[in-house]
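Heads up, the next two complexes both have chain A, just with different partners, chain B and then chain C.
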Partner chain A sequence: MSLFWIVIRQLAEIEAMAASKKVITREEWERKLNNVNIRKEDMNKLVMNFLVTEGFVEAAEKFRKESGTEPDIDLATITDRMAVKKAVQSGNVEDAIEKVNDLNPEILDTNPQLFFHLQQQRLIELIRNGKVEEALEFAQEELAPRGEENQSFLEELERTVALLAFEDVSNCPVGELLDISQRLKTASEVNAAILTSQSHEKDPKLPSLLKMLIWAQNQLDEKAAFPRINDLSTAALEDPA
Partner chain B sequence: MPSSRPSSDLILHRLSSSDYEIKLKAIREVKNQIIGNRTKKLSYIKLGAVPAVADSLAKANADSDFGSNLIVQSAAVLGSFACGVDQGVRAVLDAGAFPNLIRLLSAVDEKVVDAAARSLRMIYQSKLAPKFDFYKEENMDFLLSLLRSENENLTGLGAGIVIHSCETSDEQNILCHAGSLEKLISGLDGSISQRDASLESLATILKNNPEAVSKFVELQNERALRSVIELTKDKYPRTRLLACLCLICIKNSSSCYLQDIGIKTKLIYILLELLDDSGQVGEESSFAFSSLVAGKEDLQKLAFEANAIDKFYNHLQNCALHPKRLEGIFLALADLCSKLECCRSKFMSLQVLNLLINALTHDEANVRTAACICLKSVSRSIKSLSAGYFTNERIVIPLVRLLSDLCTSVQVAALGAISNIVVDFTPDKSTIIQCGGLKELVQLTKSMDSSLRLNAVWSLRNMVFLADKMCKEAIFMELTVSAVASLIRDPEPSVQEQALALVRNLVDGCMDCIEFAFAEDGIILDAVGSQLQKSSKIEIAIQGMYVLSNIASGNEFHKEAIMSLLFPETENGSHSFLSQYLQSTDSSLRTSAAWVIVNLTVPASPGAFGRIVKLRNFGIVSQIKRMVNDSCMDVKLNQSVSSSIWIPWDAVSEKS
Partner chain C sequence: MKESNGKNTIEKSDQDQDLGLYFLELCSRKVKEELQDYNGDGDDEEKEESPSELNTINSSGGFVVVATDKLSVKYTSVNLHGHDVGVIQANKFAPMKRLVYYFEIFVKDAGVKGQVSIGFTSENFKMRRQPGWEANSCGYHGDDGFLYRGHGKGEAFGPTYTTGDIVGAGINYASQEFFFTKNGQVVGTVYKDMQGPLYPTVAVHSQNEEVHVNFGQKPFTFDLKEFEAQERMKQQVKIEEIPVPTNASYGIVRSYLLHYGYEDTLNAFDVASKSTVPPINIVQENGIDDQETTYALNHRKTLRQLLIYELTWITSFISMKLIRDGEIDAAFGKLREWYPQIAEDNTSAMCFLLHCQKFIELVRVGELKEAVTYGRIELSRFFGSPVFEELVQECVALLAYERPLESAVGYLLKDSRRDVVADSVNAMILSTNPNLKETKNCLHSNLERLLRQLTACCYERRSLSGDQGEAFQLQRVLSSGKKS
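On to the complex of A and B.
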């Protein structure tokens, strides 16, 4: 955070100066960093926002007790949301759908794309389990009507049904649908939809701040040599080359 | 089984079971089957599931745990039936669930209240929902209590009721006076859904209501207005769109607000940017754009400078567009090209026309209508008309085909486009005739639907404008004398006016053309005469007088026929409508009347002297002399030009 502001300020300063690349030493940079005060509460809020949005309910609970930071959402709702997410991640899509409908019947009724992706995931699970006949029937009964309503759904459906045409699905062009990453994709889509229905931001703030940090460093790179953070997990400053 | 069809009435049996567990399970099963699934909704509705569920909602006791569970599930099912499916809404209303849901809003159990409010909100999203009566005091109390609530589902329902039922300015004013604006404004600081609901309700109350708008703007020193402006920059596309719509309503109701060029430009850019949204927001933004620029030249100019036409064109090139999106874009282009030639020439240079031609044969009626409306707007360009861009078969053939479209709005829109296209300023109108357009147009003049008759006659009127004799003859033969006469006597005044204008253009030009008015014992002229005697509407009288004026430009026989129409032997000339019209307060009517006299008294004609004597005897000449001082230049000019060949500049009217 603090780094971000420094970078921005530095950018502005340099903008005003000559075009030649300025060198900022580690000392100078650290002094500047130390001059920036960020309220602890704000940092805590950022952490809480991350825990809540990503659904780490126990960690959030603990963090609340330790830091006194109040979450901006009822923690009980996180448990429900996580149960849905988990169900999708473990391939119990039907169960996940029922849970979403219990949580708020409007979500799937007003979000055709999400509903389609869940049904598609159901189909993928049937195919994964080798239930070919059931899969075909399901595709025909449940998914084909959605494809009629929407061209892009139809294309996705065709891609999914193509899985049935291959003996060795792990080696077929649409094999990635069977990947665990497909489940994760669907799960995060459901997660986001539930958050939106609860009037909560669907993405945590922290990752976008990190993205902004990288962007700002790159901008500054064009004008100056300075100690960069390259490893985000350690946030270590690296001396300018 | 993942995909069991509701095949038997077993489910109905279970839905009405007296065993709580069985019943609850059945209701939940239906719920999970139908949510998100239109096909399933329809089949369960057909099976009769709605009354069974409504029954369990009505009978359950909200105070017991069992009962409240049943209610929550039943309400969710009913809400889902009502979501996005009109048959579902009808079934839920027919099953009598509506008053029960309203009753449950005051239950103690919050879950019950939430479920009932959600269902009602779904119902209110449909046009079929019962109209809310704002005139009843207790209703207003109820509505305000919803808007005031802490519960988001209840405030959302309140907003939904306003959006659904507030239509007239009286209803808007009732809501304003009851303090709903303040309640809705406080919702602007709420959650995403509250904000959106508030913005949409505000737009509903402010629409076309200057009084409500000034009340809104004055609230808290324009603070509310500033919040709405601020929300046009919101992170969520839907919120941005609704904030724009709200501002458009304010701007369109009272021109004194939001005059700043900055905000106008901003609105245009935001709406154009929202087009990129792949969902509903992207669809709706082009409709919002239309209402922003419609009829406003300054905004059309700004939009042109913002490259709006390129932007719409880029979207149109994506061939897999949703019909609603296509419709919106064509309507937006229609409004954008309605006034400025620079917009129209940009449209032509980008070859948008090719995409428009494809849309003329689109499966959706609304898209075909929008394409026609767009064509009508673009074809107002005299430059493009003169270049004959619109009279080639690629356009005319599909357009003529649309004249027999099953949907009336498509037919009307196609007629509108044809009306403009046939004014191609060349005497040759053969393309449209060869394509069977004439037959179709004539057929439509006999339609039971007055808007079709009106627009068909209008097209023919423009078609005969400056047409050559052959072409006029063809049209006249197809129409038949008696049909023309009866169109002049049509029950609809607007059709009468267009029919007279048609005759006016028909008898303009050569002597032979004037003869059209005398065909079959002059029944057309008789009809014209009787409309002029009635003199019901000024517009009708003007067209009628120009018919007479054009005929009076003919030979002696023609001129005398007009004289005897103006001064029938049985009547006293001072009561003549000519004398009335010369004194009309409407300058166009005075002008047209004066033209009749000019053409009757052209000195070169042998009988002119006799006619002047007659006119003097009837007191017309003294009237004319008084008109030399007419404040209207046109009228005055006519008096000073003793012999003039009159060119009917205003004989054709553009459809706007």
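On to the complex of A and C.
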């Protein structure tokens, strides 16, 4: 056989190997799953971390009692944090700013973007309540000077003031600013800043682990066919296609 | 687990028994493993041997002298040609089940020509040549700053290095790259085109050249921890882009609380998630699923509370009389009343676990006489049974030690064991649910199943990649972000 054919045959073999992924049967996979030891204590910590970060104070307190898991943050601070969040969510931005400063004045001092967004939200609330004059005054006195310092703040300010130009905001191109989602966005920004100031991660760990699961399954998919979990809410294994 | 059509009662009770035994096994296995984790170095669950010194047996004898600590090497002759390199490998190959392997050298003396080099070589490397000059080797050379990969012609790579410099070489298993450092800064990276075990290797090749090797016995000049953190971050950034349904986490937390019968937490959680803006809508896949998990929720909560309470209470001395009089058996009593199928038979695995735990609690508080009495009444009947034997013996062995906590069976005294017993009772009750579709479902919460899947995927992928790279460790994730 000529060298040429040997090479061709070898190439074909390599190709065949690459095409036929390793197949792991459900039985084999379940055996592997059974060998994994997840500590209850760690799952408890994960759940506690979620409750605490998402601000479920009462649930966290109950969970501490029922499971004996210690929270990784002082539960009292959650109440304050949630009060701020709630204030923004319900449009009481002034109140929220005051509360943040009570909590830790450094949060807004060291975070000009957050402070701007809060002020912007305050402007939005004034406009929403039809207080046109007050809104204009507030924009000129409080927001415009900040816009001069920062180009992106200025653009945001212009976009917000544009709300005043429309009588019917439902047809206004920047009408989304009046949407509840804008409040939620600002609220979660404040929430994150407070958590960071308490040297706590701003996001719970559980969602990242779910992403990691999807990633890990996709990675393994390149090398093997195995039973996957596609529905996170049921955590049911699905046979490989 | 056997498939049951639910018609045959004998088969059903068979299944219960299986489940009890399952927990029995889980109990001893889990706690033991936890103990191992606990005693281990924690950071690295993988017990792989790492290079610790230079391999003096397989070195190019005659050209070099290795110091008695086997961590420094000096070229003592005059080099004549390219085949009298003073090359030396580490005693072990670089461990692979991790994110990064790294070692450093300190160039004590660059000698006459400064032909020091550092790199990695395969096992059968020709021990007369510079790393990089031969196939299956790679080296960063001090005299020209070139990188050599498999032949005598190098490529421009980094700065040269000489006397007083600290140079490092590492393998990044995640990116499949070699990287080199000089005085704490990364010089460059290059694709790792070699498979199989690789030995940390250094070479000296002119008179008086001397290097000291640091395999981690001393702190590195290079900030390896930071490098690792950044590598993990790179991966994490990619992972964070993956979309998951926004409320998936809420659903998983909720079903966890349901599964373990943490009813008070669940109620507080439900109230709070309804009152947030906007209310969190936890999608229930189907009504049946909920029915499966709300099953006996209040019973499970009550029993868990009673159990933990009683087991903890034994620890306080007042309860001795109560135990003797059987008055502290409320949990047992309730269990018998509500779930006779689990607890009626005093020889079931479940009863055995409970009795064992009570015995353990008595030993914990040093009430050894009470323990003996209790053991004679409740544990003796389990002797001789092959499935229970081991745990009974280990429990009884507690009596033999003056300081049982420090003994080989000390794991039995860990607080977490109470929880294991309570969780077992919880799962046993779940298994009595007539609407249960699969017995497997009562063993693990959804959260546990997801985490197992994640762990198994990472392990499997690594084993299909030549055992390279780090596996997923929940504990690392849990402890990350705390230091900042």
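Methods note: the second predicted complex is superposed on the first by the 222 of 241 C-alpha atoms of A that agree within 3 Å, B and C clash if a C-alpha of one lies under 4 Å from a C-alpha of the other, contacts with A are read in each partner's own complex, and residues count from 1 in each chain.
FYI, a contact is a pair of C-beta atoms (placed from the backbone, for glycine too) under 8 Å apart; a residue touches a chain by one contact, two chains touch by 3 or more.
Just so you know, these numbers come straight off a predicted model, no measurement behind them.
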Exercise for the section: Considering only the touch criterion stated at the top, classify A:199 as touching first (chain B), second (chain C), both, or neither. Expected result: both
Handout entry: Partner chain(s) touched by A:170 [first = chain B, second = chain C, both, neither]
Key = neither
Practice task
Name the contact category of A:141: first (chain B only), second (chain C only), both, or neither.
Solution key: first
Fill in the blank from the handout: Of chain B and chain C, the partner touching more residues of chain A is C
Exercise for the section: Kindly classify A:97 by the partners it touches after superposition: chain B alone (first), chain C alone (second), both, or neither? Expected result: first
Problem - Which superposed partner A:235 touches (first chain B, second chain C, both, neither) - result: second
Practice task
State which residues of chain A lie in both footprints, the one left by chain B and the one left by chain C.
Solution key: 199
Exercise for the section: Provide the residue numbers of chain C that touch chain A in the complex, in ascending order. Expected result: 29-30, 33-34, 37, 236, 238-240, 242, 244-245, 248-249, 251-253, 255-257, 260, 262-265, 267-269, 271-273, 277-278, 283, 285, 289, 301, 304-305, 308, 415-416, 419-420, 423, 445-461, 464-465, 472, 474-475, 477-478, 481-482, 484
Problem - Residues of chain B touching chain A in the complex - result: 2-3, 5, 28, 31-32, 35-39, 76, 79-80, 83-84, 118, 122, 152, 191-194, 320
Practice task
Show which residues of chain A lie in contact with chain C when the two form their complex.
Solution key: 22, 24, 29, 32-33, 35-43, 45-47, 49-51, 56-59, 61-63, 65-68, 72, 86, 89-90, 180, 183-184, 199, 201, 204-217, 219-220, 223-224, 226, 229, 231-235, 237
Practice task
Would you tell me which residues of chain A are touching chain B in their complex?
Solution key: 94, 97-98, 101, 104-106, 108-112, 115, 122, 126, 134, 137-138, 141-142, 145, 149, 151-152, 196, 199
